[in-house]
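Before I ask anything, here is the structure I am working with.
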Amino acid sequence: MVGYAFMGAAHSQGWRTAGRVFDLPRRPVLAVLCGRDGAAARAAAERHGWAAVETDWRVLVARDDIDLVDICTPGDSHAEIAVAALAAGKHVLCEKPLANSVAEAETMTRAAEAAYGRGQLAMTGFNYRRVPAVALARRMIADGRLGTLRHVRATYLQDWLADPAFPLTWRLRREHAGSGALGDLGAHIVDLAQHLAGEPLAGVSALTETFVRRRPLPGGPSRGLAAVSASGTGAVTVDDAAVFTGRFTSGALASFEATRYATGRKNALRIELNGERGSLAFDLERLNELWFHDATAPGAEAGFRRILVTEPEHPYLDAWWPPGHGLGYEHTFVHQARDLVHAIAAGTRPDPSFADGLQVQRVLAAVEESAEKNSVYTPVAS
Amino acid sequence: MVGYAFMGAAHSQGWRTAGRVFDLPRRPVLAVLCGRDGAAARAAAERHGWAAVETDWRVLVARDDIDLVDICTPGDSHAEIAVAALAAGKHVLCEKPLANSVAEAETMTRAAEAAYGRGQLAMTGFNYRRVPAVALARRMIADGRLGTLRHVRATYLQDWLADPAFPLTWRLRREHAGSGALGDLGAHIVDLAQHLAGEPLAGVSALTETFVRRRPLPGGPSRGLAAVSASGTGAVTVDDAAVFTGRFTSGALASFEATRYATGRKNALRIELNGERGSLAFDLERLNELWFHDATAPGAEAGFRRILVTEPEHPYLDAWWPPGHGLGYEHTFVHQARDLVHAIAAGTRPDPSFADGLQVQRVLAAVEESAEKNSVYTPVAS
Amino acid sequence: MVGYAFMGAAHSQGWRTAGRVFDLPRRPVLAVLCGRDGAAARAAAERHGWAAVETDWRVLVARDDIDLVDICTPGDSHAEIAVAALAAGKHVLCEKPLANSVAEAETMTRAAEAAYGRGQLAMTGFNYRRVPAVALARRMIADGRLGTLRHVRATYLQDWLADPAFPLTWRLRREHAGSGALGDLGAHIVDLAQHLAGEPLAGVSALTETFVRRRPLPGGPSRGLAAVSASGTGAVTVDDAAVFTGRFTSGALASFEATRYATGRKNALRIELNGERGSLAFDLERLNELWFHDATAPGAEAGFRRILVTEPEHPYLDAWWPPGHGLGYEHTFVHQARDLVHAIAAGTRPDPSFADGLQVQRVLAAVEESAEKNSVYTPVAS
Amino acid sequence: MVGYAFMGAAHSQGWRTAGRVFDLPRRPVLAVLCGRDGAAARAAAERHGWAAVETDWRVLVARDDIDLVDICTPGDSHAEIAVAALAAGKHVLCEKPLANSVAEAETMTRAAEAAYGRGQLAMTGFNYRRVPAVALARRMIADGRLGTLRHVRATYLQDWLADPAFPLTWRLRREHAGSGALGDLGAHIVDLAQHLAGEPLAGVSALTETFVRRRPLPGGPSRGLAAVSASGTGAVTVDDAAVFTGRFTSGALASFEATRYATGRKNALRIELNGERGSLAFDLERLNELWFHDATAPGAEAGFRRILVTEPEHPYLDAWWPPGHGLGYEHTFVHQARDLVHAIAAGTRPDPSFADGLQVQRVLAAVEESAEKNSVYTPVAS
């Protein structure tokens, strides 16, 4: 695994737990943690249960005892590491957004396609597909419970930038993060919207905004933040928020909002889909619940029902706890590890693939292009 | 009062009740109900408590015993009746949307301005401003509880057209209704967004859609629906749904959605505003509640709080029931009647005025223009 | 109508509106308002739309032009007025609790039975039965949607006494109010529980408490509060709260709580019923909603659904507004007036009758008896 | 660890994860899993990550390489194992309810007291105290945010017995489980109520019921279910549900309900406390949320606020994920492991101790005694 911050901890928990809860064809072994700062990497490895440490990812991918490389670094390094790991014969799991540019994502996808021919798998880490309620929603939609789709509305609302005194981290610099709320949060809702709808977006119209344009530098040595004023502040070079609308290929309408300024909303990834026969709604802040309206029920008894997604019939749940004993955020990484191990054992294409990650990247690029071109409706490349 | 359908019933309830609940400087008298079909109008007058009936609104506005004309007809007749009533020296209350075109609304606004010089008032019927929770939200925002505004997101979701077998009513024909979901539902959320934000929208980017393009004709004689096919269906000539984004003059971002295809959502007018110091959220389906997040509270205790807007300190509530005994939809019309009677007695400008109605009309026109021009960002005329 | 305070205003609104919204066989006329203080009664009559005033209820019940007497006074005068009105040949609507003692309620019920033989009706004002969501719940239970009943849990939580500085009103004195939270709030939940369950309680076990035993006297002349200390405070002689459990005749278990000390709960009448085939839940603070769990649905899709009780198929709703346009507290009185007028026209027994009011009184008496006898299980007299 | 079923899996997850997430003075090692069926125990050890297996708990407690014995067996074996483990010099964690009788719990508590003198700790596994929202509630109450306590109402509602065809498991037999819903679910809410209130119950009045008295035998060899009829069914010898009320020593009132027949309620442990200055409410089905009403806030802005308990200022949360990324059920066991390791290192009394477990047992005994004695109010022994 490359990277050991927030995502590294979450992925470690996933790898460590998957084989303890699920019956897996192969049990994952936490072999090597990789980070540039050796002491910090060693501490993280000790904490999270990795057997060894490397400080150069090139060495990591060259090791014979590694089957899979899990990339948890900022987006600017994804392409190089992933392509090298695939070239070295490893399976790859790469965090989202797949890359900081469409061009990088295309390179990665080509490498993944070639590697698949050699029996290697490459998965993009859209972990929210593996919230049981989301997986249940996908199953119900695939079963036709919504009928012809009319609307998808999705928001991903956080508020950690609402305070203008919050410091300038790497996530606020384009050279590292690629984009701001759009790539960090928007990527998730674009992926979920298309995954649940079962069809891609055809085009989008967008507004983006950077509300607070300079922020104080973080304490301590900053990571490559050269563009610093003498005053101790630096420029925010990514979007703070993106609002956009779109059309699916079927003609259904979509609306999206990704922001870090929605005061009081901590992790409000909300998505609702309305179809001719029914509707589904989900909120990540209450991730054990899926709301379903069945429009084919008698009118006097119809209503959105709160399905507590903790029954053994629900996706992933037969391996966990009794009904009503809810799961949390990190379980998505356990499920991701489980599904990837199964896919590797079976040789099936991982879902979502790098191609899926690339397609999301193309939607984000169309969003940025529309925002630059006065919000004009911009088709998604394919 | 002109018109006696759904809106006529609601307005009648408002006029009949306002003086029974509130201390008013003058008690409204339900004098004359006007409708083209005499028998039907007489039945409605008897039902709703109007003392007399007219079948020609021109006769109504000429009567000496009438002080105020309340216009509850479809939008295509608003301008003619309102201008005539103002010319005849009456106060006017006109349902929203103010008119079917900006030009009509401008004419009406000029007439209202002239009439105001003669002591006559003209109010636009944006009744949802008078939901106590909305009025409380406005008060809190005016008091600075949200600080610098960042986001407004508003939806008005209904589902009565989700069934493609629903018949072609006057609301689905441009010549009568002006527009579809946009004018009917979008007008409300545009007005509320600007009213609560305390500032106008600067521009918008929009997508509109008509999902079901032909519908069965309603049973019985249809009202001017000439464009009928031999097959017993007619063309829907208005939008089924509109999704749009925008910028406020302060730079805050907005997103809007108005639709009649949100299966399971019956009257989901939802609006949320996020500011640097706090957030507010409202849902018309739970109209006695206002949700407030105070970001200046200690972090460990912060959260959206559900204010049950039924306390005597809350707007309009000292005249109603004890705490926790909620109000309903029609109370907005009682409050509207109350406020208009007070404004007439005091000679103050009504709020919202025809100018406010015109401004909303201009936003809707910008939405339609943007939708026609490939969603390009379109400034709101001023 | 006798009495013109809170209940008087609510009943007036009911009588004034019922004939405007519903098709009634006879339209109610608001003839005479009765109150001991002539000036105050005249002001109330003018406000609420009553044509005349009396200051002595004995004169009222003797008037020939009155068909129905509506009793909205404190409980200590119910029996005398109701019996006299029935003797004078009037129909009677009497607020709950029916009386301050079982003996009084028995007298009233005998008088009602006798009067029914003469074609007169006597109804007890359990208005919450006529919340549309409650009426829908009753219909669904009668249709067998819950199957064998296992549990009923009901609370009626208010908080207006949580502040020890709140003054000593008539509701806090036994000689006027009969009991405290028990009769005021507990009567409602006992009635609803039995009404919805479709069966009576067999016995109860209870705890009651008076948390604050002395309170400041209200400003101004007090109404018969002789037991006043020199310090300006008086004794609270009723219960502040009552918690009790019970068994229905079928063996289902019940739990109840009535209190005026549930800080932050304003009008939280909540009731949930669990049966072998399903469950229903209702909360008066969200009175347009009924929650239904259908245990016969497939497990993976089961969940409590929020039925927005605003559809034309729902009880009382075809006369009101479009779906999603909610009703409020006072509509229960409109429905009560409607149903009583229909019952009078048809000559059918009113529901709930005085006998139903008496039965609730017997449950309350058993609660008080149990609380006095160390909570021992106490059968309900029949 | 003794036992490896549901609780064993949850405890294993707790031990395995605590040292990966929290800074601990000593890292737990999963040494030996103990179960009577060797093959099954070996499979469970392999699954959950235990290094070795024993089939006799007596051998386990005699091993030198074990510091702590974690008891996850049914209640009938708790006392014997715990006393032996303490005698052997081990620390002990014992699942709730502490024992199947007060006498056993007293023996255990005496053993624990003696062992504490030798530096050994004994904790009762009331894991729900360690839900962050519950821990936050306790902190707020200790800080005086509720003021004088008036009411506690708590339910623990499940529905897995609502179907009469559900088989007769060991949990439905008194000889193994001690009691039914009362010990399994009621123990949790009694502990939480007292823990949060910060004071014990003085007495209780109770009703219990067994709705379905015979159930089909489970397939396969049954565990000591001798009392089987020829028809393939066996007698349920524990309560299906318990409803009870009580008084705290301060005079606050309490109401409780524990049932396995609340159709549609899967794990609805709900507790609300009302005090003079505020209220708190919690629902285990939404375990990342705590609802707080601050009655000292201005009336116009007061309301129950939903605190999303995922901030670094909240208990346990600084070691987990960013705000809004919720935890699940099993995290309570991670926190339990963390706190026990800290207590062992520091030599402080564990919280909750065996004495706390005994006190809950005494409340449950008073409930059973009251239920047997016609619900008479029964003091809790001390």
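Letters A, B, C and D name the chains as they come in the text, with residue numbers starting at 1 for each one.
Going forward, contacts are C-beta pairs under 8 Å (C-beta built on N, C-alpha and C of every residue); 3 or more make two chains touch, one makes a residue touch a chain.
The UniProt protein names, listed by chain, are A, B, C, D = Gfo/Idh/MocA family oxidoreductase.
Just so you know, these numbers come straight off a predicted model, no measurement behind them.
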{"item": "Counterpart interface for B-C, drawn from A-D, A-B or B-D and sharing over half of its contact pairs", "value": "A-D"}
{"item": "Identity of the chain that, by mean CA position, is farthest from chain B", "value": "D"}
{"item": "Whole-Å separation of chain centres (CA-atom averages), chain B against chain D", "value": "54"}
{"item": "Distance from the mean Cα position of chain D to that of chain A, given in whole angstrom", "value": "36"}
{"item": "Mean-CA-position distance for chain C and chain A (Å)", "value": "54"}
{"item": "Distance between chain centroids, defined by C-alpha means - chain C, chain D (Å)", "value": "40"}
{"item": "Contacts with two or more other chains, residues of chain D listed in rising order", "value": "265, 302-304, 308"}
{"item": "Contacting residues of chain C [partner chain D, same complex]", "value": "150-151, 153, 155, 159, 162-164, 205-207, 209, 211, 241, 243-247, 251, 253-255, 257, 259, 261-265, 272, 274-279, 293, 295, 302-304, 370, 374-377"}
{"item": "Touching residues on chain A, where the partner in the complex is chain D", "value": "6, 10, 12-13, 16-17, 20-21, 47-49, 158, 160, 265-268, 284-288, 308, 310, 321-331"}
{"item": "Chain D partner contacts - residues on chain B that touch it in the complex", "value": "136, 140, 292, 294, 299-308, 311, 313-314"}
